[in-house]
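In what comes next, chain A is part of two complexes: it sits with chain B in the first one and with chain C in the second one.
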Partner chain A sequence: MILDALKYLAYVLIFPGFLFCFLTGLLLAGIDRKLVARMQKRVGPPILQPFYDFFKLCGKKTIVPAAANKTVFLMAPLLGLASLVVLQLFIPVFRFQIAAFSNVADMIVILYLLLIPAVSIIMGGASTGSPYAGIGLSREMVTVLACELPLVLVLLSVGRYVGTAIGAKDGISFSLSQIVGYQLEGGSLITKASLIPAAIAFLLVIPGETGNHPFDAAEAETEICEGMLAEYSGAPLGVFKLSHAIKMLTMTSLFVMLFFGGVGAGVDNLVALIGLTGGAATAVTIILDILLMFLLCVVVTAVGISLVHAVTARLKIEQIFKYYWTVVSALALLSLVLVWYGL
Partner chain B sequence: MLAGGVMGLVLSGDLFNMFIMVEILTFAAVALTAFRNRVTGALEAAFKYLVVGCIGSTCILAGTILLYHQAHTLNLAQLSTLIAGNLDVNTVIAFVLLFIGFCTKAFIVPFHPLAADAHGAAPAPVSVLISGVLTKSGIYGIIRLAYFLFQTMNLGAMQFWLVFLGSVSMFVCVTMALAQHDFKRLLAFHSISQIGYVLAAVGLSTALGASAGLYHAMNHTLFKGLLFLTAGAVLHETGTTDLGKLGGLSKKMPWTTALFLIGAASISGIPPFNGFASKWLIYQATYEKAAETGNIGFAFVTIVALVTSTLTLASFVKVTQSVFFGQLPKECEKAKEVSFGMRFAMSILALLCILTGLFPNIVQKYLTGPAGRTLFNVSAYIDGMMGKGYAQATMGTNMPEAGNRAIEIVGVWNPVNWLMLLMIALLAICIVAIASKYDAVRENKTEKVEAKYSLFYGGEETEFSQVGGGDLFWGFKHNWRHYFSFMHDLHSGIVNDYSLWAVVALALAMVYALIVLL
Partner chain C sequence: MFKKLIAESTGKSPWLFHINAGSCNGCDIELVSVLTPRYDAERLGFKLTGSPRHADIVVVTGPVTEQSLNRVLRSIEQVPDPKCIVTMGSCPQSGNVFRGSYSVAGPLSKYVHVDVDVAGCTPKPEAVIDGLYLATQILAQKRKEMKK
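== the complex of A and B ==
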C-alpha cells in the first residue's frame, strides 16, 4: 500500500511527472531557440539558456501591482504548471504507460485539460488589471478558439480511424492507450493515407496552441510587452516560462504518440542479444524509448515550431483566426471525411 | 405559483391539465418578469413574453383540442395507446402544435430573444427560476410528447429534427451571448445555448444520450442558478450589470468572485466541474450515434458542441475580465462583499456543482440513468396508469418493446483520480515554491515618484486602462462581422417580428412534419 503510494508519488514527481517535464521541457525550449538562431544565421544562446533564465528569475523579487488580486496573481502560474504536469502523465511513452493513469482521461478530456493552462494564464493576466494584459488575454482566448476547431477535427478522425481498425463496439476509440496499442500492431498512423492531412493539421496547430511565433499575437513582445505577462516578475514569471516550455513538450509528445506511435526503439532483440533479461532489459528498453520519444519531439519542434518561427513574421490576431478556421480546419476535415467513408 | 405550475405539469397525466399548468406558469413568469416595474424595459419584456407565450399556449390548446376530437380522451396513457403506430394528418398537426407550444416555453430558437429580455429585466432570483426551472418544463413537455405520447423517437426524421434544433440553439445563442454587453442578458443567451445541448442529447434517442441530456439539464439548473445569483450580487452592490461600467470587483467581493469562477468553469466545461462531466457524455453520445448510424451529420453535432463549449469559455472570460478583474471604476468603489445569506445560498449551489462534477458515476447510477431508461419504457408507464396488461391488450403488435438499454461509454474520465493527481502536483509545486521564497512584495502606491510611472509598465493612467466590455474579442468578431451584423439586424427587439418568427416556425415545422412523419 505504502509502496504503491510511493510509486505513484514517484510517477508524479519524477517520471513522467514534474522532474522529467522540467528537464525535457526546458531543454526542448533551448534547442528551439538555438535552431531558430542557426536558421537565421545567428550564433544563438547556449542550449541550457532556459535553465539559466528560470533560476535567475526565481532569485528575483516579485512585485504585485497595486490593482492586482494577490491570491489569483500568485496562484494562477502554479495551477497552470500543475495541470500541465498532470496532463503529461496521461501521455504514454510508446509501450510504457502507467496502467492506473490510462483509465483516468481520454483524448476529449485531454483537449479540455489543455484549456486549463490557457485559462490560468488568462486569469493571472486579468488579475493584474493591466491594459496590456487585457489585450493579451483577448488575443489568447481568440487563439485558443482558433486552434480548437482543427484540434477537435483531428482527434475525432483519429478516434474514428482507430475505433474502426480495432473493431471497437461502436467503431470509435478515444482512449490514448488503445490508439498507441493499435499502432504497435498496425503501424504508425502517419503511414495511413487518410490520416496524413490530419497529421499536417496537427503539426500546424502546435505553434498556435503553445503560442509560438508567428501565432504569438497574445504575447507580442514588441507590441504589447508580452501581454498577460507584462506585470509579472520574478518567480511567477519563471513559472509561466516553464509552463510554456512544458506545453511545447506536451503538444509535441502528443503528436508523436498519436502519429508516430508503434514499437518504439524496437530494440527487444538487441537487448536480448547483449544478454540482458528481466528488469534490466525492461529498464533499458524504457530508457531507449524515452530517448527516442525525446528525439522525435525535437524533430517535431524543429519542423513544426522552429522552422515556422524562422521563416515567418507575426500574424495579426484576425489572420490567425482565419488561417486556423479555413486552411487548417479544411485539412483536418478532409481527413475526417476520408476516414469516415473508409478511404 | 410558478413552482406550483411546474410541479403540476410534471405530475399531470392529462393533456388538458398540462395545458392549464403551462398557462399558470407562463402567467406567473410574466408577472415575475414585470416585478420591478419601475425598471426601464421590465414592462416591455413582460409584454413580449406575454404575446409570444400566448401564441405558444394557443398552440398547445389547439393541439389538445385536435387530439380530443380524434380520440375522445385526454388521458396521456390512453392517448398514447391510440396514437402509437397510426399517425395521420390530424395527429401530426396536433403534434406540431403541441411541440411548438412547448418550444416557446423552453425558449428554443427562434423564441430565444424573449428569454434575453425577460432575464435582463427580472430580479436575479426570478431569473434563477425562469432559467433553471421554467425552461426545463418546456424540455419536459417536448420529451413527454416525442417519447411517450407519439412514440416517434425511433424515426430518423424526428431525431434529426430535435438534434438540429438543439444544435442551432446552442450555436446561435452562444454567438449572441458573445455579442452582449449586459451581464444578465449574456447569461440568458447562455441558458438557451445549454438547453440546446439538452435537446440535442435527448433527441439522439439513445440511452446514453437521454441520460446525458438529463444530467446536463440538472447541471444547468445548478450552475446557471449560481451565475444568476452572482449577477444579482453584483447588481445589488453596484446597481448595474453593464459590462462596460463594471470592473475590478474581485478585491471588493472575493467570495462572489470565487463562486462566480466556479460557475463559469462549470458552464464552460472545464474539468472537473459538473458542466464538463455532462458535456463530455453528450460528446460521446453524439459521436457514438454518428458511428452507429454511419451518418456523418451527427459527427458535426459533436463538433458544434465542442466548439460551442470553447465559445462559452470565451464569453465567460469576457465577463471575468470586465466585471471581476481589471480596474475598479469610481462608481463601484462603494461596493462591498454581499451579506452572509446571499453568500450561503451561492455556496450551496457551488458545492453541488463540484460534487456532481466529481462523482458523475453516482449521478448516472442513481439519478439520470434510471430516468433515461424510463424514456424507453413507454408500455410500463401505460400499464402503471391504466392497469397491468392494458398496453398489450389495446396496442397488440404496435406495442413498443420495453427497452432496457445499457449505457455504453467509449471514453474514460475519472475526475476523482485526476483531482488527486492535480492536488499532489500542486502541493509539490507549492512546497518547492514556498521553500524557494516564492513571496511577493506589493508595489507601494505612496512611493511613486512621478505620475508618469504610476502604475503600469507603459505609464497608463488607471482610468484609461480598462480593457473589457463588449469589444473584447475583436479578432474573432472581425472575421465574423457579416454574421454578427446579420444577427444584429435580425434581433430587432420588436414584438411583432418575434410573433412573426413564431408563426413562421410553426408553418415550417408543420410542413416538415407533414412531409416526413406521414
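== the complex of A and C ==
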C-alpha cells in the first residue's frame, strides 16, 4: 500500500510527471529558439536559455497589482502547470504507460485537460483588470475555440481508424494505450494514406494550441505587451513561461504517440541485438523509448513550430479563426470521411 | 542549490524594456539593429519585452522632456528588483543639443540612479552591446546584494 503510494508519487513528481516535464519542456523550448535563430541566420541564444530565464524570474521580486485579486492572481499559474503535468501522465511513452491512468484515460480526458491551461491564463489575466489583459483574453478564447474543432475532428478520425482495425465495441476507440498498442503491431498511423490529412491538420493545430507564431495574437508582445501576462512579474511569470514550454512538449508528444506510435517497436530489436534480457532489457527499453520520443518531439517541433515561426508573420485574430475553421478543419474532415468509409 | 541556480542565471537572461523619452528615433532604430541577425544580441540572452514588469534592464533614449518625465519615472518604478537603468545616446546623459531648452527636464541622473551610460549620437551597435553586457554584470551584482 505504502509502496504503491510512493510509486505514484514518483510518477507524479519525477517521471513522467513534474521533473521530466520541467527538463524536457524547457530543453525543447531552447531547441526551438535556437532553430528559429539559425533559420534567420543568427547565432541564437544558448540551448539552456529557457532555464536561465526561468531561474532568473524566480529570483525577481513579484509585484501584485493593487487592483488584482491576489489569490486568483497567484494561484492561476500553478493551476495551469498542474493540469499540464497531469496531462503528461496520461500520454504513454510507447510501451511505458501507467496502467492506473492509461486504462481509464482516453482522448476525451486529454481534450478537457488541454483547456485548463488556457482557462488558467485567462483567469490570471482577468484578475489583474489590465486593459491589455482584457484584449488578450478575448483573443485567447477565440484561439482556443478555433483550435478545438479541428483537434476534435483529428482525434475522431484516429479513434475511428483504430477502432475499426481492432474491432472495438462501437467501431471507435478513444483509448491512447489501444492506439499506441495497435501501432506497435500494425505500423505507425502516419503511413496510412487516409490519416495523412489528419496528421497535417494536427501539425497545424500545434502552434495554435501552444500560442506560437503565427497564431499568437493573444500574446502579441509588440502589440499588446503579451496580453494576459502584461501585469505578471517574477516567479508567477516564470511558471507561465514554464507552462508554455511544457505545452509544447505535451502537444508534440501527443502528435508522436498518435501518428508515430509504431516507431517504438524498433527498439525491441535493438535491445535483443545487444543480448539483454529480463529487468535490464526493460530498463534499457524504457530509456531508449524516452530518448526516441524526445528526438521525435524535436523533429515535430522543428517542422511544426520553428519552421512556421521563422517563415510567417503574425495573423490577425479573425484570420486565425477563419484559417482553423476552413483550411485545417477541411483537412481533418477529409480524413474523417475517408476513415468512415473504411479507406 | 536553487539559490545558486538563480545567482548563476540572473546575468544570463537580461530582458530589455525600452523607453523613448523624447528621442529623435535615431537611438531607437540603433537599439533594434542590435537585435538583428548581424549583431544578434539574443545570443547573450537579450530580449525586448513589451511590459516593464517583465524587464530587468530599462533602456532610456531621448533627452527626457517635461512631457515624458513623469511617465519615465513611473515606468521605471514598475520594474521589479533587481533592475538596471541604461541610458542610450548622449541625450539622457547630458541633454546633448537640446540642453537648456525650456521643454527638457533631463539629464535623467537628476531623478534616478543610472547604472550605465552609453554615449554617442547615436552610439554604435558594438558600444550598445558592450554597455548592455556591463549592465548584466551589475544586475548579477545587485541580485547578490539583494539577498543579504
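In this text, the second predicted complex is superposed on the first by the 335 of 343 C-alpha atoms of A that agree within 3 Å, B and C clash if a C-alpha of one lies under 4 Å from a C-alpha of the other, contacts with A are read in each partner's own complex, and residues count from 1 in each chain.
Going forward, a residue touches a chain if its C-beta (ideal position, glycine included) is under 8 Å from a C-beta of that chain, and two chains touch if they have at least 3 such contacts.
If you're wondering where the values come from, they're calculated on a predicted model, not measured in any experiment.
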Max touched-residue count on chain A (chain B vs chain C) belongs to chain B
- Just chain B (first), just chain C (second), both, or neither: which does A:Leu9 touch? first
(message) I'd like to know which partner A:Gly44 touches here: chain B for first, chain C for second, both or neither.
(response) second
A:Ser175 in the overlay: touching chain B, chain C, both, or neither? Say first, second, both or neither. first
Quiz item: Regarding the shared-chain residue A:Thr312, is it in contact with chain B (first), chain C (second), both, or neither?
Solution: neither
Practice prompt. Would you sort A:Leu229 into first (chain B), second (chain C), both or neither based on which partner it touches?
Written response: second
Should A:Ser83 be classified as contacting the first partner (chain B), the second (chain C), both, or neither?
first
Exercise for the section: Classify the contacts of A:Val109 with the two partner chains as first (chain B alone), second (chain C alone), both, or neither. Expected result: first
Which of chain B and chain C A:Lys61 touches, first, second, both or neither
both
### Query
Looking at the overlay, what does A:Val337 touch: chain B (first), chain C (second), both, or neither?
first
Chain A contact set shared between chain B and chain C covers 58, 61-63, 132, 225, 230-231, 234
Seen from chain B, its contact residues with chain A in the complex are 248, 250-251, 254, 257, 261, 265, 269-271, 276, 280, 283-284, 287-288, 291-292, 296, 299, 302-303, 306-307, 309-311, 313-314, 317, 320-321, 325-328, 408, 410-414, 417-418, 421-422, 424-426, 428-430, 433, 436, 438-445, 455-458, 460, 462, 464-468, 472-476, 478-479
The residues of chain A that touch chain B in their complex are 8-9, 12-13, 17-18, 58, 61-67, 69-74, 78-79, 81-83, 85-86, 89, 100-109, 111-113, 115-116, 119, 122-123, 126-127, 129-135, 137-139, 141-142, 144-145, 148-149, 152-153, 156, 159-160, 163, 168-175, 217, 225, 230-231, 234-236, 239, 316-318, 320-322, 325, 336-337, 340
In their shared complex, chain C is touched by residues of chain A numbered 37, 40-46, 49, 51-56, 58-63, 132, 221-226, 229-234, 237
The residues of chain C that touch chain A in their complex are 2, 5-10, 12-13, 37, 40, 42-45, 48-51, 53-54, 56, 78, 80-82, 143
